[in-house]
Amino acid sequence: MKKGISRRSALGGMAVAVTAPAVFGNDSAWAQSGSTIRFGGSLGMSGRYAETGLNIRQGYETAIKFINEQKGGVEIGGKKYRVELAIVDDASDPARATSLIQRQVDGDVSFFLGSYGSNIVLPCAGITEAAGKLTVQVGASADQIFQQGYRNIFGFFPRASRAWVTSIEFFKSIAPKPKSVSIIATNDAFSKANAQAAAAGCKGIGLEVLDLLELPEQVSDASSALATIRARTPDILITTTVDQNSLVIVRQMIATDTNVPLLYQFLGPQLPMYRESLGAKATGVIMQLPWEARIDFKDPIFGSTKAYIDYYNKNNTRALSYHTVGASSCITTYVEAMRTAGSLDPAKVRNALAATNITTAFGPVKFSPEGDGDAIVMGAKIGQVQSGQVQVVYPKDVKTADLIYPTPVWAKKG
Amino acid sequence: MNGTLLFQTLVDGLILGGIFSLSAVGFSLIFGVLGVVNLAHGVFILAGAYIGLWLKGALGLDPLAAIPVVFLVLAVIGGALQRTLVSAAVQRGSLMTSLLITFGASLILRDLLILAFGPDIQSLSSTWLLRTYHVGGVVIDGARATGLLASLVLLAMLAIALHAMKVGRAIRATAQQSFAAGLCGVDSNRIYTLTFGVSAGFAGASGIIIGMINPFSPFDDAYWTLNAFVTVVLGGVGSPVGALLGGLMLGEISTLSSQYIGPRFPNVFIFCALLLMLIVRPNGLLGNAYKASV
Amino acid sequence: MDAFNGRIPAGIWGLSAVLLAAAVMLPFMLSPFQIRLAQQILLFGGMAVAWQMLGGFTNYWSFGHTAFFGLGAFAAGLLAQQLDPSLSVAVKLAIGTVFAIGLALVAALAIAIPVLNLRGIYFAIAMLAFAEILAEITKTFDAFHGTSGFPLPALLVPGLTKVQLFYFLFLLLFLTNIAVFVWLRRSRIGMGLTCIGQDEDTAAMLGIPTERYKLVAFVLSAVLTAIGGVLYGYSLGFISTGSVFRIDISLNLILYTMLGGIGTVAGPIIGAALMIVLTQVVLGNLLDLHMMLTGAVLIAMVILAPKGLMGLARKAWDRRRGAAEGRP
Amino acid sequence: MTILSIEGLTRQFKGLRAIQDLSFAVESKSITSIVGPNGAGKSTLFNMISGYLKPTAGHILFEGREITGKAPHLVCGMGIARAFQIAKPFPELSVEKNVLVAATFGRLGPRDRQATTEHAIEVCHLAEWRHQPASALSIGNLRRLELARAIAARPTLLLADEPCAGLNETETREVIDVLSTIRKSGVTVLLVEHDIKVVRRVSDRVIVIEAGRKIADGTASQVFSEQAVIDAYLGTAGA
């Protein structure tokens, strides 16, 4: 009997704890209080892309901390504001994402920082767009996002179909001239869109696309794709896979002695963990560099790229990634647009954002008329792993080392 | 058809299958003996990999040498989970409620992994740097072949333990009884705890091997649980041989469909094979090691 | 009226009328976020009721109901792209719903014959596999656009905001599901299904057409779930395989049902309300650990109330009545 | 008039012949007992009649119609009800609901099911337990619940599978009463029973099978005086 009562009261307590905030929920806690600017939005903090989520989150937090602690806030239209972050985890579930974003829209958050994955971003954009709220994000780059006629959503990365402009120019510059290319992608939106863009670009400059191989979304074995590569070896092998899958593929290439003159891994080699795990074998792998630490840019908040890196490293133990810098620069870009507009009116800030032409710790920021990053100004540079370090090998004006081509076979490395 | 390519594909499937087998055997045992579908299985595997990672970082212990330690740690965690939560759920509700319990446990354990190790991709060792072997035109991936060997050794040890050791026989005896029936001489609750522990231990050990071959992150758990599901249904419930057979089938279906139909197709084929097998022989090729077919 | 079907007490009718009136008025009083929460409770709670049409009576627990949910969303969405663009969205939705119902009917009939012969956990796994197959098919074949996703036309009705509009659509489906469930439970089929849940062989021996009843329940459940998928797809406006073919949707339907109390009408709704409010309001602002806390609540509920909250309430009620009558 | 006729019925289980070329006919409104040692094939026979098992060869005709291999619920709907030796109630349903189900799905469908239920409960002396869940009943009550369900199905033929096994004197007498009542209401009873006293008391006719074959057929006093029956039955059963 006693047990029954305690169980019941435990449950009762639980029920009250659970429902009370729903009924008496204080959504005005979200409200834009007089002297605070709130940045809302969601990130996928749990799920396959949680690592990216954490990198982006740290970027946001770094910028917020710096602005409040080092600058004492920001001055807009003659008034000083503190900045605040209100990010939630969308768990990559659209039902959850839309309702949490709605909560922030209801709570008068006007400035959103975006998630990634078009199945999350688009339904959320529908809500923010309808409410006249703004989004600046450093994750999603699917073409569809920028083809809806939305006026209020901006992205740092050029849309997928334009993300290969620099890379294609780079392929043209290689001597001796490569003749063929094969592409390995995985069956997810990001990888597929980029593989198609890469294939189209390569065809455009006369490179023969031998194979476009699509693996399942989570790769545990690429042996059959690699058997195809060995049977019909291209001059360049491109993988448009995410970090974890890239590492599976490259390791299996080494283990099965699958050699190509040039291995281009869109994502992966940027990670220190990737390079450490491969050691000398990593030498020669090409990647896209959305950001490069050694190229210094002026930043209206942090001062410069170098100053940003110093500040970040002083306050964090986690290695700096391009997503982190990009995320910080999203906030920089927002703040600059607010200053230019001299107002927190979303419509005015929107126009300032559309006209943005600044440099940040991340690099130059300029949006296309549809809102994605300008493919030339914000396009990625090309890097290559050399002696465990990432060197910029293209474009020529910013390069830090010469390209190694063709790269030695695996057995000759280390 | 190109003979070398076919042979290469078969070898690749075999090697992949060996890893699937080991990763599924714990799931199979729990399912066969307790009738519980353990949705925390994938997290057990990853926990094994992460503990291996920690031992390597903190003590410089080689991952393969860490297997016994990982086995023990996971066995304790698994046993404790059974003793406290799973048994309570089965007693108060039904076998079905145990699904909710193991699902809840998987959410908690996964967050604990993230707390301890972060959401980042990790990698256990550089054993993949092992040699590549060329046998008559067929390329053999040294690392994965090592994984297959280790899997076979561990599976054989389990098979021997189940048949030759007293505890093993007790486990099999318990499984053969109907769940509700009273037991004579064997403390069934103790055996359930033991089974859960041993199974979690094997999951952990397979985590080490998986971690040596592929990078891993805390969110891979669903993938491994699902694979274990498929392996068990294909091969047969409750026995190491069933898991081995199921894993090998899974590996072969995966590589053959990938090579000859298209690299994006294996998942469709795997699940179709699963459904077909369920319809034709619900207890897998070998049937349930302990019970007559349903 | 007999031992199976007592007359529905007037109190229940009264309560239902009050709740319905409240449900109709709510969207004009709540904030859009609160309406969205209510939307989800209606949609997923209602689908849990649909899930119960088979799983609530018997041990045929589908772990793959997201198959029909996704099927509905994809069928209606892909059809909308093929239809004459000049058609109004409401017409597209109507045609899409009919198409989805037809497709779900065919799919359910096709899959039912093999899987309904499987018992217990094997049925559960088979449904899981079925859902995965459909998910993989939509991702693997480009014709379905499952990987990159596709937009659905925006449904607008003058005088209502988008959240209000979909609230009412979900409410309509919710009421339909409840009506069908209550009818089913009170019909001979429900009686037969209850017996199948107790002992299928004996049920057949007593003359219950077990195969036919299971089939009817399964197909009803599948079709109503598919309609849920159609409406959900339209409410999102953009879907991909990852947004509608989700194992967690299948699991949540079971979870809501178990938490609230299996076999009851109110159970799944209470369960859905509890979990949705818990995960999106109470733990909604947590960036970390909310999954862990969800898991902990889940475990606590299963251990403390294995028959669900309704079961707990019934027990407390019985105890009180027992005490009042002086029984131990 | 013949209500059930079995013609050349054979059932094999992986080489083992459980029933071999068995033929007999059951007269309407009689109580016919099937006796034989354990493993003689009595349960297999019942399983085939009730549609649970398909025969390997042979025919089963009920009221002149072929029912060989029909699904159990169809067989039940035609008017054959079965009471199991090991009672198989729906454990969580009350006694009344258990009986009501049988009345609903039996030969005549849901018509008059409430009255039928009342009747069956009364005949089987279960009124006292009508609201109890079946899982709470004693063995004797369970056996009568089993019979009550069979009656409620309003069958023309009742297959009773050892209704008295494991019951004490009083309980046995109650079951015999019930069987007599059933028979008086015009239902044919096919009984499998071990207890020879019971068989002698209720049977109009006794069929003895051993190892799947019929070895004797006649009235109780005829059959039990045959040497073959005494050898086979008493010899192995040791009773």
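First chain written, first letter: the chains are A, B, C and D, and each begins at residue 1.
Everything that follows uses one rule, which is that contacts are C-beta pairs under 8 Å (C-beta built on N, C-alpha and C of every residue); 3 or more make two chains touch, one makes a residue touch a chain.
In this text, all values refer to a predicted model and were calculated from it rather than measured experimentally.
Asks: Counting one step per pair of touching chains, how few steps separate chain A from chain B?
Replies: Tracing touching chains, the least step count from chain A to chain B comes to 1.
Asks: Can you list every chain in contact with both chain C and chain D?
Replies: none
Asks: So which chain is the furthest away from chain A, centre to centre on CA atoms?
Replies: Comparing chain centres, D lies farthest from chain A.
Asks: What's the distance between the Cα centroids of chain A and chain D, rounded to whole Å?
Replies: The mean C-alpha positions of chain A and chain D differ by 74 Å.
Asks: Counting only Cα atoms for the centres, state how far chain B is from chain D in Å.
Replies: Taking the average C-alpha coordinate of chain B and of chain D, the gap between them is 49 Å.
Asks: Can you compute the centre-to-centre distance for chain A and chain C, using the mean CA position of each chain? Integer Å is fine.
Replies: 36
Asks: Counting in whole Å, what is the centre-to-centre distance of chain B and chain C, each centre being its mean C-alpha position?
Replies: Going by mean C-alpha positions, chain B sits 32 Å from chain C.
Asks: Among the residues of chain D, pick out those that touch two or more other chains and give their numbers.
Replies: Chain D, residues with two or more chain partners: not present.
Asks: Mark out which residues of chain C touch at least two other chains, giving numbers and ranges.
Replies: 140, 288, 291 - these are the residues of chain C that touch more than one other chain.
Asks: Pull out every residue in chain B that's touching 2 or more other chains.
Replies: As it turns out, chain B has residues touching two or more other chains at 114, 264, 267.
Asks: Show me, using the given definition of touch, all chain pairs that touch one another.
Replies: A-B, A-C, B-C, C-D
Asks: Please give the residue numbers of chain A that touch chain C in the complex, ascending.
Replies: Touching chain C: residues 4, 7-8, 10-11, 14-15, 17-19, 21-22, 25, 27, 43, 45-46, 57, 86-89, 91-96, 98-100, 102-103, 105-107, 117-119, 122-123, 126, 130, 142, 144, 148, 187-189, 192-193, 217 of chain A.
Asks: Touching residues of chain D toward chain C in the complex: what are they?
Replies: Its residues touching chain C are 50, 52, 71-73, 76-77, 81-82, 84, 88-94, 96-97, 100-102, 104-107, 110, 113-114, 117, 149, 153.
Asks: Which residues of chain B touch chain A in their complex?
Replies: Against chain A, the touching part of chain B is residues 5, 8-9, 12, 16, 114, 118-123, 126, 128-130, 132, 134, 139, 141-144, 213-220, 223, 254-255, 258-259, 262-264, 266-267.
Asks: Mind listing the chain C positions that touch chain A in their complex?
Replies: Listed in rising order, the residues are 31-34, 36-37, 40, 44, 139-140, 147-149, 151, 154, 162-163, 232, 236-240, 242-243, 246, 248, 274, 277-282, 284-288, 290-291, 297, 300-301, 304-305, 309, 312, 316, 319.
Asks: Chain D touches which residues of chain C in the complex?
Replies: Chain C reaches chain D through residues 2-4, 188, 191-192, 194-195, 198-199, 201-211.
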